[in-house]
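Just below sit the structures, each encoded as structure tokens.
Across the two complexes that follow, chain A remains constant while its partner is chain B and subsequently chain C.
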Partner chain A sequence: MVKSMKKIIILFLISFTFLFANINKEVLYIEAKLYPKIFMLIKNLQNKKLIKVAILANKNTINTAKTLKNFLTNNNLKIKIIKNLNLNYDVYIITYHISNKTLNKLLKHKKVIFSISPNDINISMFSIYIGVRVYPYINPILIKKANLRIDPILFKVGKIYE
Partner chain B sequence: MKKLYLIFFSILFLYASNEDSFLKTLNEVSEIATKTKLNLNKTPSNVEVINRDFIIKSGARTLLDILKYLPGIEISMSASGKREIVIRGNKSTYRDKIKFLINGHEVTNNLYSNQFYYYNFPAALIKRIEFTKTPDAVLYGDKAYLGVINIITLNKFNDNQFSFYQTNKKQTTLTIFDKLNKNTLIDAHYEISNPTIKKTKTYLVDVSQNKHQPIGIVRDNRPYELEKEVGFGLRYKKENSTISYRLQYFHKGNFFGIINLPPLVHDKHVNLIHQYLNYHFSNFLTDDIIESFNTGIKHYQWKGAFRVGPIDSNFSNPNSDLIEGANIKEYEIYARNRLTYNSEKHITNFILETKYARPYKYDYFQYVVGHQKTISPLFPKNIHRYIYSIALEDLYIIKDNFSIIYGSRYSHYNDFGSNLSYKLGSVYNLNNKTTFKLLFNTAFRAPSWVELYAKTAAAFNGDPTLKAEKIKMLEFTYLQKIFSNDQFQFTIYRGKSKHYIGRDISPITHKEIYKNLGDLIIKGYEISYKKSYSKGYFGINYSYNNNKNEFNNLIAKIYYLYSRVRKRLIKGYNIYNINPNLSFFSGIIYGGKPDVPENIKQINFHYFTLNTNLNYHKNNFNVIFGIDNLTNHKNYYFVGPSDIVYGRYVFMQENSALPLTGRKIFIDLIKKW
Partner chain C sequence: MNKSLSKFLDIFWITLIISFSIYVYLDIKNIFSTLKQIQKEKIIYTMKIENETLAPLIKFGFNHALKEELKRLLKVNTAIRYIEYKNIKLGSKKNVTILTFPIIYNHKKIATIKVGYTSKYLLNSFKQKYFSKFVIYLIFILVISFLLLIYLRKRIKSLNILAQALEKLNIRKQKEIPLIDDYYEIKNITNALNKLIKQIHAFYNSQKELFKKLIISKKELETAQEIAEMFTWHYDCITHQVISQNFRKIKNKFNINKLEDFINHVEEKDNVFKKLELLCKNRLNSIDEIVTLNLSGKKYYFRVEAKFIKTKKLIIGICANITEEIKRQEEISFLAYHDPLTGLVNRTFLQEELKTLTSIADRNNKKIALIFIDLDNFKFINDTFGHEMGDKLLIEIANRLKHSIRKSDIASRIGGDEFILVLNNINSKQEVEKKIEEIMNILTKPIIIDNNKLEVTFSAGIAVYPDDTTDISELLQFADIAMYDAKKSGKNRFRFININLQQQIKKFYSTLEELKNAIKNEELILFFQPKIDIQNNKIDGVEALIRWNHPRKGLLTPYHFIDIAEKGGIIHLIDSYVLEKTIQTINKWSTNPILKNLNIAVNISANKFLEPHFVDELKSLITKYHIKPSKLQIEITETLSIQNFEYTIQTLKKIKSLGVKIALDDFGTGYSSLNYIKQIPFDVLKIDQSFIRDLLKDRDDLIITKMIVEISKILNKENVAEGVENEEILEIIKNLGVRLVQGYYFSKPIPEDELKKFILNFEKNQ
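Moving on, here comes the complex of A and B:
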């Protein structure tokens, strides 16, 4: 009961945030500030001085991807916008709802997956949750599937997708 | 389940590097979400947000063109042609009793406590509007009496742009926004509006012994509605510091004269200049506590003249008009420090604020054309206002679906003593579709200097014994999702404004004076529904107000016989994206008949407008072509009589009707880079 209630509330809050705004630039800005900090808490990303990040976009989300790339200004990130999946990167930020085939391929190669929309948390490991405060939105099932090792602080402060 | 994962990962991968940086960032982004109102529906707040997409696609030229679509807002006009924002049926002469902010900086003056020089602020430069239609003195301090408007101008998230807006009613607007470098933003605008409005007859009415009968036509002239505006804004940000400067120059023609008299020859005008220079510093004291400090100076000048009325019985001779004018300058110095504590369960604001304001030039003059001016001080010497206040507001997140907010502000005024404002509210998400909000707010408004001290020949005479106005407001909101992408909202409110300050006639001097008239009951409700669909979104709203005055201390009853506001407003809009480059906007506004006297009930005072436009954008170029008031419906503002002059007469437009400009065709070009 508590679980289902929590899920309902999370979906409710997400839908209100994104119903009329879609992904606006402020949300992307918040993600651009927060996601690199989460990268630092992922043990599997061993070379923290150079993390290769791919923003996975299609024709509908290319402008969103470009905006996000502009906001991701950390020196230790090497960022590229890609339309066709390749496995040369450590982290993939998805800007649209990827297929199960793509997802499985990324999981198989233990890639870290972020989504810009919390509606895509079921096909990513991390997203953003805007409640009264901002929280990392975490999908533990996919984290476990890819055998990712992450700092427990994320579970302590994040919202868990169940 | 969560605990199991926690234990599992804790055992395997216990390390703490980067945690501090992460937690600090989490607080930073939470602050951004609060500032940009992303978390609006999860907090006990009644702020309404209008975003950039609507602002541009609605084809709006000015701020008021945007606000007119909000529930419970009526855009009206005073007898002197000054635009008014009527919030929930509260129309107040010369001041709308709201706090007006540009990027969080207050631009409401101390002289009149108004800000109408910003009402034509160009829509092209507005990124977002945050509108609170309820008192909130705890968070915003003085002047946040009936509500707060915060205009967020284009910022680093927006592209550079130039815009040109032209209507067939002799209205032109030019704007520019440019990010000069990564630290510096500038914006500038120029506007001119000089529409031709049809002639209107003005009658002289003798109100002595309650006769209220027109004596005859005084004037039959065309109003003079020239408005010019120049604005400039600069923001320079480096690390934690930001310096902001803004200048707003507003030139206004006499329109109907200050008391309903259309100009004859020697048209008069007023010039208003408002400026502020603000220094802002924001810093994380700890991972949980953000300090936000603002200090600055504001300057305001009102300079001009207006026709008061004939000084003898020859009402049709313009050369016998009494002209009044003034040159008034004021400055304000302020400092505000806010500490925000962010934790898992609390967001707490602790605010310390102080401000000092005084007029340093206050020449008042009057003359009859061809005769020498007499100059005297408008105010007594050495008036000033010093305020300090301390406020605490806490948002307590009890559960994911239940939060409460409470807070209080203690303010001390050198001229009005101490006051305590407080608030209490909650938000409860019953399930994924239903939310309830309950808010109780109080606020306090000290009279402006004009209301307290002004001494003039006719319309503006203060009373230093005035009591401050106080308001209490209870508001309940019910939010319901019917489908996955819609929102229904019902809000009901009831409040009381005590010691309402309005105009009356002095039984001794027979001049018009400001006075505490009694109490005003504010009550009504608003219903709105908005929905997004695959090709766009639409909204519709209905509002009703049934305010009642309990003024028991009134001599000039004619001023308040009629509320002059529209009780019922229906509004709707639809934005339909025909393809990724082309969208179609349609908007409709209907306003019910205001409360008018029996003898003019035959006049069609219903307000109706149907607005449409097509918006095409490609390669950073945007062109909007549209028509406002497509059906050319004859709209009028109902205005009551003028201020009483010489203790006996008022001027009234024929049928108390001020005509609007009719159908408007416009083109708006925006080039981004």
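Moving on, here comes the complex of A and C:
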């Protein structure tokens, strides 16, 4: 009985891990629809007509990055998938767990950081929180650290990460 | 009607407006209060919502964003006019309500924000909306009211017309109110009113009839009151006034204009008013008084009757003229105590007065003389000059008697020609003698009536109280006896009662008592005197004659007791006794071979004959003893037959109709005319023995007897000669043609046993 219970728990955990490791298209699609809206609430992005967006990907997440790029169809977005960090973009969407060094660099240059996985919220400013409902996932500490000015409405509609 | 309606409408409108205004005011106030509360709730809600935004901003120190957010809040929410957070103070604090909100983050209060808000915009917005609605509602209400008014005016107009029709309604004429409106209520009211009018009209008619009846009975009552000369009145116990509604009905009769004048003429006025006051105080139950009024010298009597009506504090009474009644009572009273012919007091008054006078005499130790006066030969005067003259004579004598005595004395007429004088305060017999001589002198003076000079004499008997007796009845008897003694002694004189006379009276009364007992004890027996048919030599019948078989004195003839019976008033008892005994004897003899053919004649006194039930008594005795009525012969005297002639004829006819025979007794002594005799329905004529007895000596008697016999023959009646005592007389009688005789020649009256023997002997000798 105990053995079978253990098996069930292990299976559950494997499937859960797999779910987050391989974000499905629906989530990406939602993120593609949600993130541009958040862009508009970030006051530091002064030229809202052309926001340069970099999807930071590695070999494991390139496909995901591509899928996301495809979903981000807004005209006022200039999207590029990058593997190596450069600071020419306004917004960085990370698809993997970046290093603290990378993070600090981005923060230093007041770059807006999004992550496609809510698990990476600790190293990004915005992500997506999927619960009963779907909320923007906000990391105010990083926002504050980068000294970004965002529309307070985000705090109203989003889930705050502490 | 219109005024009151408009007034009503004014009040209605004013009330409506005030009510509506109050309603609106309270409603607005309520709404304002609610709106303020809503505003507050709204702010609270807003801040609750805003908490989600503000809390992370504060928590994570996004001061700039916080300020912007607060600005936005101030901008977006017009109700929020002031926000204060630490150094951030946005807006104005003026005219705002400050609320302090805690900022909650993760269930922890991390800060507070003061928010000042105003309800002004919300209220203004409401005011605008409410006013426009109010105007719409007002217009709507006004329109509805106007329409309602038009509608009501129409209905009210109908009601007004109805009211006018009712005002014009004549209750005397039953006329229906026409239907003026088809509206249901108006129709109902009109129908109800018409029903009411019908009922009122019916009630009016019944009241009219009742009123007519009332008027008639009032008139009848008034007429009755007028006839009865009476009026009703009432006395107010509070104002003490007497008021009469119908006094006028009798005022003309008595020539008095006012009731007050009438009251003032009442002699017993004070007494009557005293009694009225007592009645008011409930100390009397009623008043029934006879009052006297002296009007123009005439005396009137009124009966005043009254009762107290407690609830009204009123006395209601009547006042009726009873003068005539009182006068009649006085007349009756006068007649009861006075002799209507002479105006002197009568026996009743005398007897009553004597009681008083004797008491006074006893107290004063005086005597009273009772003088019984009787005119001598008054019957002769009456018969000669007629009753009218007799009456005038009595009146004159009464006047003389009245003037011959003192005022304290009494003169009375006790019947016929009998007067009694009562002399008071007498000291001695001599004084009475002197007085009676004076009176006799006055009375015996010639009296001239209708040019006839009459000289009358008197006999008087005197008894003195208390010398002769202290009993009033005895006193009268004594005076009466003394008067008879004076008469016996030759008339025109007076006599005092004496011991001899008193003894005679005593004897009279003891005999009378014995006689009464004799009737009870059947001591009275019948003797029979035969009547002989001398033409045919046989016994025709007998005359029954009474004898008293006295226990001590032996056999007594009627001479010894009939007079006493007549004076003692028991003669009718003896008559009844003899009549019954006679009829009983007829019955008894009917089976006796010797006596059965005899008829029996019996004498009936005038007293008995004139009794109203005599014929009934006779009839009942005939029925009781089953006798043949023709066997009985009733003998009445000739004198009786011409007294009360009509009544006697009627009674005799009734007796004859029974089959009983009638004999006229003592014929020839009664002065009766042939005309009378002719009318009397008799069967037998008995020639009085006074004619028969002297036939041999007196030629006139012979002629008279002859004439009587002739008369009987002419009238075809049987005749009987009484008192035949010897053969010579018998011979004459026989020659005169008389058929029946009775007398001592044949037989004296004998008892039944002897009669039988007599009959047997008579028949034997024939």
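Here, the second predicted complex is superposed on the first by the 140 of 162 C-alpha atoms of A that agree within 3 Å, B and C clash if a C-alpha of one lies under 4 Å from a C-alpha of the other, contacts with A are read in each partner's own complex, and residues count from 1 in each chain.
Definition applied: contacts are C-beta pairs under 8 Å (C-beta built on N, C-alpha and C of every residue); 3 or more make two chains touch, one makes a residue touch a chain.
Predicted model, so just to flag it, every value in this text is computed and none were measured.
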item	value
First (chain B), second (chain C), both or neither touched by A:40	first
Which of chain B and chain C A:160 touches, first, second, both or neither	both
First (chain B), second (chain C), both or neither touched by A:150	both
Which of chain B and chain C A:140 touches, first, second, both or neither	both
More chain A residues in contact [chain B versus chain C]	B
Contacts of A:132 with chain B and chain C, given as first, second, both or neither	first
Chain A residues contacted in one complex by chain B, in the other by chain C	140, 149-153, 155-156, 160
For the chain C and chain A complex, residues of the former touching the latter	49, 52-57, 59-62, 64-66, 68-69, 72
Contact footprint of chain B on chain A as seen in their complex	3, 5-6, 8-13, 15-17, 19-21, 24-27, 29-30, 33-34, 37-38, 40-41, 43, 130-136, 140, 149-153, 155-157, 160, 162
Parts of chain A lying in touch with chain C, wherever the complex brings them together	138, 140-141, 143-144, 149-153, 155-156, 160
Residue numbers on chain B that touch chain A, as the complex places them	1-2, 5-6, 9-10, 12-19, 21-23, 25-26, 28-30, 32-33, 36, 38-39, 41-43, 51, 157, 342, 344, 347, 395, 397, 400-401, 403, 429, 431-433, 481, 484-487, 530, 532, 537
